[in-house]
């Protein structure tokens, strides 16, 4: 197990290199840079050139990338060109918000997707199954920001049940924290919920037909033991993989959903950073996001070993 | 009361003692897609305490469906019981809620299956799968459940049971897995064990060991057993009494010696004749049964076997045949009553020959 | 530069826009112009009381944003919660890249002068300012009763430290505002002299903006992180700043002008998405919010009060008049006359704007009577006549990609130009690339916003002077150069006005840009919480001084 983790962690290094190189190149190749914005409205041509030189923006991209990389490997991701904040500090301020959203969205996915998938599989081919399948297909085809807008209009504006905008830190007020999270997490979690329900249904239909499920019934286990223990663990691989994949998409989706709900998370930060060509900040966010996704991927891989003992031995 | 385990002729016990299991007039229908078809019609039999009842028949005869009906394991969405009673220990299982049934399954009645390779959950250790059964029905601590698990694994002949209990199913061979299944079924010392083709999928050499184990455990625990198989050789080895099924009906019910000596139904006789081990028997030929057994929903009018029966007469094709008593046997055949041209019921094998031993050595195969 | 061309406004979400556009657009645009300083100058306190000289008027509390219509009594312990469309890149005044970020500066920092809601320069920390007769210095007389939040007294030395900080930061976006300042001389604790390399009539207005924001010398020397922490002497102390997200302030009890801090706590949340801001208002999360033209009706329907203000903000087509067919003034003139500005006001701004032909609206003192809003009449026949006998005209115009209302705006302009036989190809460009793309001469024209500056000289510096980054022609007609120089050299208001008007006339006659409209500044507020609210006529700033809640 330890060796497996070690091996996977090692594999993260080249991924990070490639990701950082790609994002650096992408930003560098798109026209425009930070100098014009940093110069302010009354800047002269000479001032802009001086700022550009000062930031090293006039150096070849390879030199700039290697310079960045040299610092990055020591853990120094630099400072934002615009706020002069340490990149890690800026991200650290926002990450908890977005991470909370993402985790909340996955919780919503599990809370909705798991029972839906179970119920559909148990009623395979009947109207309940078809209803859930249709609902899942519908959820998959509605963009998360649209869901967010509808939720705001109905739940917040019309009924005033939950806040429509903003975010409250858990430490400040747990109840408000929760109230602010509900709608954006639902908006973000609906697609993963649908994916989860579909994957789970598919896997469960297969598992429920297995002989060991008959054995579990024959042993007189309670219904929940049969379903949640014996069936779920065997059916979990595909849904867990799907949820792992969805995590990356949820992170991406938070960029838009944070705007809709006026939440200042990583998504809002990345938009500003990209707009401003704040290269150190962009690189930092890309790296942090990539690390997160990798961590989730590794966790998913490790879960395979737990879910399927045969993999572990191999 | 406990019946003598060595009695081969337990018919008398069955009539005097309250049976562990009594199935009466059981009807089951399944969805075949476009229609509902009866797969079991008026199935009935009983099993006395300590008795082993063999349930025999070809694929599709309804024997496994009967076992599942007793366990309450019929496919939820496609099958349903439309009539009858299944009385276990005086309780009609068909009148119980699912929840009540779950209390009984694995406790009063347990089952082992044909497919040891796939009947264990690959995601959990074998010990876990047994212990959860113990905890479920005995409500004991985890520790006590685990101790019982190791004990029962040891009982079924698993060496180093303590260590092996923490292994996963894929770390066991087929024969060992079936031992685990047996341990799982017996861990709560059920009053009735249903064994559905428990040896069919095993290597020949292992079959005998597992069969010995089942027989041994049954004797040790003094429980009743319903042994479902298509293999008459195995039946001869373990059963006290035999129920033969054909096309969803019981066609014969006899003590095991009577069955082999003096089959009361032409289908039983055909089955016996199709066994390789009888090649040298009195009739001198190995006969296969002509034709195919009818599918559910397509059962013929009259005797359901008449299309394949060498004795069939006009009377056999018009109306359903009732189960009639012929001596100590029961048969669903007109031969013994209404058909004057029938040969008398004759012994196939002299009384003093020990049929079971002979048959046990026979190569098992699906009688066709 | 960038600012001029960035869309400085929130995109009114037009119904034809995709949902995603609506969701993203607000974020896409951020900057706004930042140069406003102007008006003050020379004419000296000029605007104010019509005093002929530069002096300033006496102290007194600053003009409040709230013109208090007295109704329910204000609650001095209340909290004003507002949401604004922009988030500052830093809370350090001299690092801010966009003028509208001043909305976050003014609560916590006092400036040497104050730009009032009319765009006029008023006294603040400096009670008067006097130019040396030869224009070689500007002497400021300071208040003596001001303390920074950290207890440090405000004095002439503090001014020196702060001005020298700007002078010593060549990369500061506001460094150019002090381009004529060469040094600072402390005369006595309440008198300080800014040494100039020549007269700069825009300076008093400049001192009401970022470079005039006074930071505690102690905070500077002790390394307080001004990016996120407080260092001012303003009516409020910054208590919690999360860059890009919010800034929360609390009343500074030792403030010299108590009515300015009308609430105990002031919270500004930056929400880029217009719909999200409106939702926040509707659900009661905020008392006050920046608004876009499309939101006026929904906001009214939700029971919110609307504060609308004409402004110095304009939307124009910047033309690179040194490039291709645009070199021909008749071609540029034909373009200017091709637009039906009333239709633009109606269909793109829903009536919340005014037609524009010059860079200053008619009501502003710097506007020219010769260039009223109707100067470029909608006259397709005239355009066609101007183009008669010429090769068919075609040019390219870039606009901010995905930022409402620019795509619809560009499409409408394209159609109107087509009607007079001009082929205009709109090209969306990432908002941050606009300035560079245009300035480096890679396109003919740019649709964007500008203005929002409190002095005309500041506007000229960003757009029309020869070395301005945003002037892709890299040249200036000699008569315009002379006129523009006159606007900063003369510190006498009347002379200055004539130089400004002369500049405006030349720009309009030569069609160096094509102004289209002056958008109004819009805010929504909850009438039961905020008795009244008056936006700044300088532009889309969010004044909070003196704004209270009930």
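Order as written gives the chain letters A, B and C; numbering starts at 1 within each chain.
Everything below uses one rule, namely that contacts are C-beta pairs under 8 Å (C-beta built on N, C-alpha and C of every residue); 3 or more make two chains touch, one makes a residue touch a chain.
For clarity, every value in this text was computed on a predicted model and none was experimentally measured.
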Busiest interface, counting C-beta pairs, is A-C
In terms of Cα-based centroids, which chain occupies the most central position? A
Using mean CA coordinates as chain centres, what's the chain A-chain B distance in Å? 55
Where the centres are mean C-alpha positions, what is the separation of chain A from chain C, in Å? 38
Per the centroid of Cα atoms for each chain, what is the distance between chain B and chain C, given in Å? 92
Specify, in ascending order, the residues of chain A that touch 2 or more different other chains. none
Where chain C touches two or more other chains simultaneously, the residues are none
Per the touch rule above, chain A residues touching chain B in the complex are 123-126, 210-212, 214-223, 225, 229-230, 233-234, 307-310, 313
Any idea which chain C residues touch chain A in the complex? 1-4, 19-20, 23-24, 26-28, 30-31, 33-35, 83, 87, 89-90, 95, 97, 99, 170-177, 179, 227-228, 242-246, 269-273, 275-277, 279-280, 282-286, 430-433, 435-437, 439, 458, 461-462, 467-470, 474
Would you pull the chain A residues touching chain C in the complex into a rising list? 30-34, 36-48, 50-51, 54, 80, 82-85, 90, 93-94, 143, 145-146, 149, 152, 156-157, 160, 163-166, 256, 259-262, 264, 268-269, 271-272, 275-277
Touch list for chain B against partner chain A, complex: 71, 73, 77, 98, 101-107, 110-111, 113, 115, 118-124, 129, 132-133, 136-137, 168, 170-171, 181, 184-185
